[in-house]
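Below are the structure tokens for one structure; questions will follow.
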Amino acid sequence: MNPFNLFFQFADSFAFIVLSAVGLAVIFGMMGVINLGHGEFIMIGAYGTTLVANAGAPLVAAMIVGVIVTAVFGFLVERTIVSGAAINWVAERTLGRSVIEPLYDRLLDSMVATWAIGLILTQGVRIVFGNSIPQLNTPLGSIQYGGFSYSVYRLVLSLVAVCVLVGLYAVFTHTKFGVRARATIQDPETARSLGVNTDEMYTTTFVIGSALAGLTGALYAPSLTVVPSMGTSFLVEAFVAVVVGGPSVLFGTTLSGGLLGAINALFTNLYGTFFGQIAMLLTAILVIRLLSNGLTGLVETVRDRKVGE
Amino acid sequence: MLTCESLTVAYDTTPILRNVDLTVEDGEIVGIMGKNGAGKTTLMKALIGLLDLREGTITYEGTDVTGVASNERARLGIGYIPQGRDVFPDLTVEQNLLIGESINADDDDPSYDLVYEYFPILKERASQTAGTLSGGQQQMLAIGRALVGNPDLLLLDEPSEGIQPSIVDRISEDMRTINRELGTTILFVEQNLGVIRGMANRCYAMKRGEIVDELTGSMLDNENQIANYLAV
Amino acid sequence: MSGTRDPAVRQSPAVRATGSDTDTLLQTDGVTKRFGGFTAIDGIDFGVNTAELRCLIGPNGAGKSTLLKLITGQHSVTDGEVYYRGEGITDLLPHERVDRGIGMKFQVPSVFDDLTAAGNLRLPLQRVVTNGDLAARVQEALDRVGLSDRADTHASELSHGEQQHLEIGMAVALDPDLLLLDEPVAGLSMEERNDIADLVTALNGDGIAFVVIEHDIDFVARIADEVTVLHQGAVFREGPIEQIRTDEKVRRIYLGGD
Amino acid sequence: MEENAHSLGEVEKKTVNTVETDQKSRNNVRQLDPSSRNRREFLAASAAAAGTVLAGCSGSTSGILGGSSDDEAVTLGILEDRSGNFALNGTPKYNASMLAVEEFNEEGGILDKEIETFTPDPQSDNSRYQELTRQAIQRENVDALWAGYSSATRETIRPIVDRNEQLYFYTTQYEGGVCDQYTFCMGATARQQLGSVFPYMVEEFGSNVYTIAADYNFGQLSADWVRVLADETDANIMDEEFIPLSVTDFGSTINNIQETDPDFVMALLVGQNHTSFWNQRTSAGLDIPMGTSTVMAQGYQHQRLDPPAMADVYGGFNYMQEIPTDRNQSFRERYYEKFPDADYINEEAVNNYFSIKMYAEAAEAVGSTDQADIIEELESGVNVSAPEGDISLQGSIHHMTHNMRVFRCDEEHNITVEAQEMIPEQFLSETVGADLTEKDETTQYVPANFYEEANTTQ
Amino acid sequence: MGPASAFDRARAPFEGPNTAGNTRGFWIGFLAVFAVLLIYPLLFGAYAASNAAQFLFSAILGLSLCFVWGYAGILSFGQVVFYGIAGYTFGLLSLNFGSALVTTLALPAAVAIATLGAFVLGYFMFYGEVRDVYVTILTLVVTLVLYTFMGQTAGSEWTIGSVALGGFNGMPAIPNLTLGVDESALRLSGATFYWFTLLSLAVIYLGLRALVNGRFGYTMVAVREDEDRTQMLGYDVRRVKLLVFVIGGALAGFAGVLYATWGNYINPDVFGITFASIPVVWVTVGGRRSLLGAIVATVAIEWFRQQLAVTGSQYAIVVVGALLLAVVLVLPEGVVPWMRARLRNRSEHPQSTDSTGVVE
């Protein structure tokens, strides 16, 4: 086992897990909505990026468009389905009553609804854009080390993953929006009574989660095959990471990205890709079983014990 | 400044407030006293808009705010200090204060200095998470959080609850100073005799969801009459 | 450990734990509960004798409900031990404690909305009535809490007072030796309070020990032998109701008055 | 070689009807059990057995209210995925089938009857395939069935096909070994595909090989074949790696290849996730030549991916739409005239096309659509003029002798034909020694049972 | 009077507050529908019966989820785990031994293995305090692990006895369901398979009705409503949930055997995300707290999906998604409870509508 290979594979795996999970984590952790269509949101980001880049735009510009498209889509989904506000607005004017209960904190219903959205998206994209679109090339080439070479772009992705985590940390702790959003999540009633527009916080949070999914899609568009069904390849990692992470969204995602990435890289190196995946999933099952609040729960328990001493 | 007419609030079928009428004049400190379960907190929540009215109207500074969302009421200048430890436990003291900035949209100059002047401990603990403060400190934070946005009216829900007597006295004093120096109107609910006598210019008595009496001026000196409406 | 407790009132937990004091039903020994960084219960020693009726009072946030949940096992203790009839029950699950005779009525009436009044009462009874007529036992229990004519009404449609009765009925159906009531009369009219007081007194007369959390001091005075005052997660005072009622410090922190 | 292909294209018109000359191979006409000729009877029997208990009636499959089918038309069941995971591969198959049907109908159909089609969309869902196959056979009474892309799909429906004694054409290039009296495998087998490209690679680049293969039946069996072929060509398999279909990240695989440093790689990857490999190996700078039997001809990666992702990939296939013959040119024109927006004509599409033609010719030859007769006719060994060239059916084993080519993809993703040869399917005929005209079977043979090399996973 | 009261006595165990349809009218309707379904193969033939049989055993799978989700509040994406395990087990046993007797016994054996699987997974989760949405996600992850695992069993090392697991290609040639020994054994196919499935579904439906309206049903509803509260009535909530989960697993396993024998085939797709999600769709649309709803919705949706597939329309999946979305948003309780409420309203206020179609 070559330590450099191990390191690069860890970085790769970490980036993939973190980027897969982070949009889901924000929406789940902040709003109590499980977005089973998360993979398809990622797919939208990838399609946006690929289509715009194919039209001749520079890759970075195309990626930005991909993120924006997904964010706008997230906004529409939040307004029409998750909060039901748009549909209720229409219904109140035609039927004289609202017809939709918001999906916030209706975990199971939100899963079913977003699964349906994912279903529609996959086939909708297939109908509109066909089974395949011309794919992008991975930029930035490779670097050599010893007899090995590594894609620079994949390395950049792991840096981006770290930046996304740091950036989110900054947004949610050092901006007014972030603080208000967290206050809304902790105690929506009190936040509202202090003048925070909690609806707006929910919408914005959902849009941020969607934009992050879009970013993931944009970033992986040049490295993975962009097809309508690509979303499912992110879904498992995303769920596993969020659940293993536990309630503290950013911290948890970082921890689980680290743990699962390391397990995956190690077992892949030792026993091959299949065992890498299986080991990762079994680790997840064990963590869920042993730590009911995930890795952040473990950290908190340890902290409580320390306070007691 | 604030007028309520025949407020009725019910959970499912059980009415919690029945036909409550009250008025608060500009610059006053008005108390509402009553035992646990009298409906005091429900009244406060109805005033800020966290509970829907079954009947009645609420007028704030001449505007009917009955159907207005609570965040909009806050932005009109009502500062709400919820009961107990309703600070945001995972946010720092400073971040808690930041939430209060949304209050009173007309005023976009948050008064951090003023808050820190009244409650220096909050400055000391600015970067500590609110959940780790003591009960009294949390209460100060809740008051400071409402003050940051320079509200015209403060709604204060049981400031004495679960707090050391000495700190309760201090809080009463601070509230009076705020009222005097800043001209902030205050409406509070309380069951602590000392706090009521120490703060209120005027006081309503509540019992099982109804206003049963109004005590003004010298009536407030009569300890026994007040105690009558309270627990003992 | 809180130093405010009168040491003459109770024996040490160690003695109790051996079961040598047959009068002691429940005893906590230095029980502590922390949530995150916040200490809700701070090293409490709290005891209840057989067939005693003890009220637990104190300001909101003093830790009353938390203490009850530590006794029932709904919260796990951070530190300390809980003994019941001399047996350490700290590691037992809630239902195992119920099997040993501890019953609980929650703060907010939490009957099962989707079931009828009879269905609710059936739940505890079907566990203990293994042969014989379950329906007859349900009817009997309905009679006891005065809900015979509401048997087929969905619990969600019962009045607040009826729900309180129903919930007490459910707890009693299991024949507990110790019943923990969290604010049984909150939100009830004077008449309904009297009904509950009568019910509790009667059940206590049948030999059930009670711990009742209540803010209504008149209600407390009406039913209680002994009162424990909690403040900031610790026992602040313990004693007969008259003594507590006139205690200067208790008045200051809780009851009001200078 | 391209000369050769060209000249094959020119003989197209002469190849149509050679049935008579093959009559000699029918010396082993099977004694069909009369009852087995009626594929519906078992159903009727079971219905009747239970039915009599209740009502003492119902001897027919359609029941009292059920309709009967219209025998005026020839009905072909064509079950190809147009949605779901395999839509990319299934859509060209569907298109080419429709083209073939249209061309026949313009000429008056089969046996002067119009061809009707039953063409639901199984949505890449194998359960759906089961339902629809039953429906095609039992309700639509299709005269012949074309269905499915993946091996999994084929195995899903083969039990139904066999029980109903339904003539079935499976048209995907596949791992090989299916020996089934009702199933005709039109695609090239792994042994045919690899048998064309692997020796070429050894010849061109050297004998040290690294195999990466999809971790599922097709990949496993293809890797077995690579081992068998390596043994035959004295090549050395340095290592092999099986990659689950869900894997999208090939970092460790690329590093492993570099660590082993082979002369060439056999890449037997399958599915959309694995398509990511090509981009990743290019960006990681892995520039070892790669041989394949799976990519390009099916999923047209050389058109979907940006150059140079597929540079220096060599594939052994019976067809790519770039084949530079006149016959293929004319086929392409007809195809794109009917489907101007279509993406690519893949190997499977062409197999659908020529096998419908082959069926039609067999039906004309026997003068009916009786399935047993047509199977008998096909088993006599027929020739067909396909877009890839003139090819023939190996009647005794229900597989095709294909015109196999080695295609190379260059830096700009241009396709050139590097080698060409007619390769029969040899595994069943020679190694197993199967003969469906002698012995009825519905099995699938695997190389592991016949070759020492195939049995040693490294 | 006599027969009528006997009828009433007979239906008593199946009635109670936890199910719809506690009227004589309902049961007469039930018997009528059942009778029509019984003669369905005679009317439409063996093919139609065989095709309908799959809707019926899907309904058993739907019922298994309805039972654990609707009545005990456990949303499991893992019903297909037991469905698949039983299907594979049945295939392994019957193919390895091949005799009619073993094939007959393979049904209970496969159900037993699936039940054991449910017990192990359930014990692991419920005794490990895994709750709510984490149960859902854990069952989803277990499903996907099995999918990944079974998908890679293509190699010859994954042969059990003489039968290969077969990776993604699955396990072909699984024999039909057989009842009996040697020559006298009844091999179920076409209409006979249909009747067996129909009877099983009816028995399971009635059995579950009796169960949810009996002692255990009350306990389940209590657990669903409030676990803490139920614990304080002395119930071991973990045990209750485990038992529910095990029963659900057994039913799903039974349906899985029917599936494997119906198609004579099983492959890892049964563990795939699409297959895992579909029961959730059935139960959501039908109404998670309605056993009848689960059956009706399963049959209707599967029939509808098949019709859409037959049309070959590329919009089929979009239509299914939109339908589901509409139900979740507008009728979160499900279609059948909604219709029941409408009917009840009508019968209570007959003047408000045209008052036709009132049951009772």
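To keep things simple, chains are lettered A, B, C, D and E as they appear, and every chain counts its residues starting from 1.
Methods note: a contact is a pair of C-beta atoms (placed from the backbone, for glycine too) under 8 Å apart; a residue touches a chain by one contact, two chains touch by 3 or more.
This one's a predicted model, so the numbers in the text were calculated from it and none came from an experiment.
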{"item": "Separation of chain D from chain B in steps, with touching chains one step apart", "value": "2"}
{"item": "Chain E reached from chain C - shortest hop count over touching chains", "value": "1"}
{"item": "Identity of the chain that, by mean CA position, is farthest from chain B", "value": "D"}
{"item": "Rounded Å distance, chain A centre to chain C centre (Cα mean)", "value": "46"}
{"item": "Chain A-chain E separation of Cα centroids, rounded to whole Å", "value": "33"}
{"item": "Rounded Å distance, chain A centre to chain D centre (Cα mean)", "value": "39"}
{"item": "Rounded Å distance between chain B and chain E, as computed from the means of their C-alpha atoms", "value": "55"}
{"item": "Chain A: positions in contact with at least two other chains", "value": "123, 126, 236, 274, 277"}
{"item": "Interface hub residues of chain D, defined as touching at least two other chains", "value": "83-84, 215, 242, 244, 246"}
{"item": "Residues of chain B engaged with two or more neighbouring chains", "value": "89"}
{"item": "Interface residues, chain C side, partner chain E - complex", "value": "72, 74, 93-96, 98-99, 103-104, 106, 110, 112-116, 119, 122-124, 126-127, 170-171, 174"}
{"item": "Contact set on chain A toward chain B in their complex", "value": "173, 176, 179-180, 182-183, 186-187, 189-198"}
{"item": "Interfacial residue positions of chain B with respect to chain A in the complex", "value": "45, 48-50, 69-71, 74-75, 79-80, 82, 86, 88-91, 95-96, 98-105, 145-146, 149"}
{"item": "Residues of chain D defined as touching chain E within the complex", "value": "42-44, 46-47, 49-51, 54-55, 57-58, 60-66, 82-84, 119-123, 125-128, 130-132, 134-135, 138-139, 150-152, 155-156, 158-160, 163, 215-217, 219-221, 242, 244-246, 442, 446, 448, 455, 457"}
{"item": "Chain C-touching residues of chain E, taken from the complex the two chains share", "value": "17, 215, 218-219, 221-222, 225-226, 228-237"}
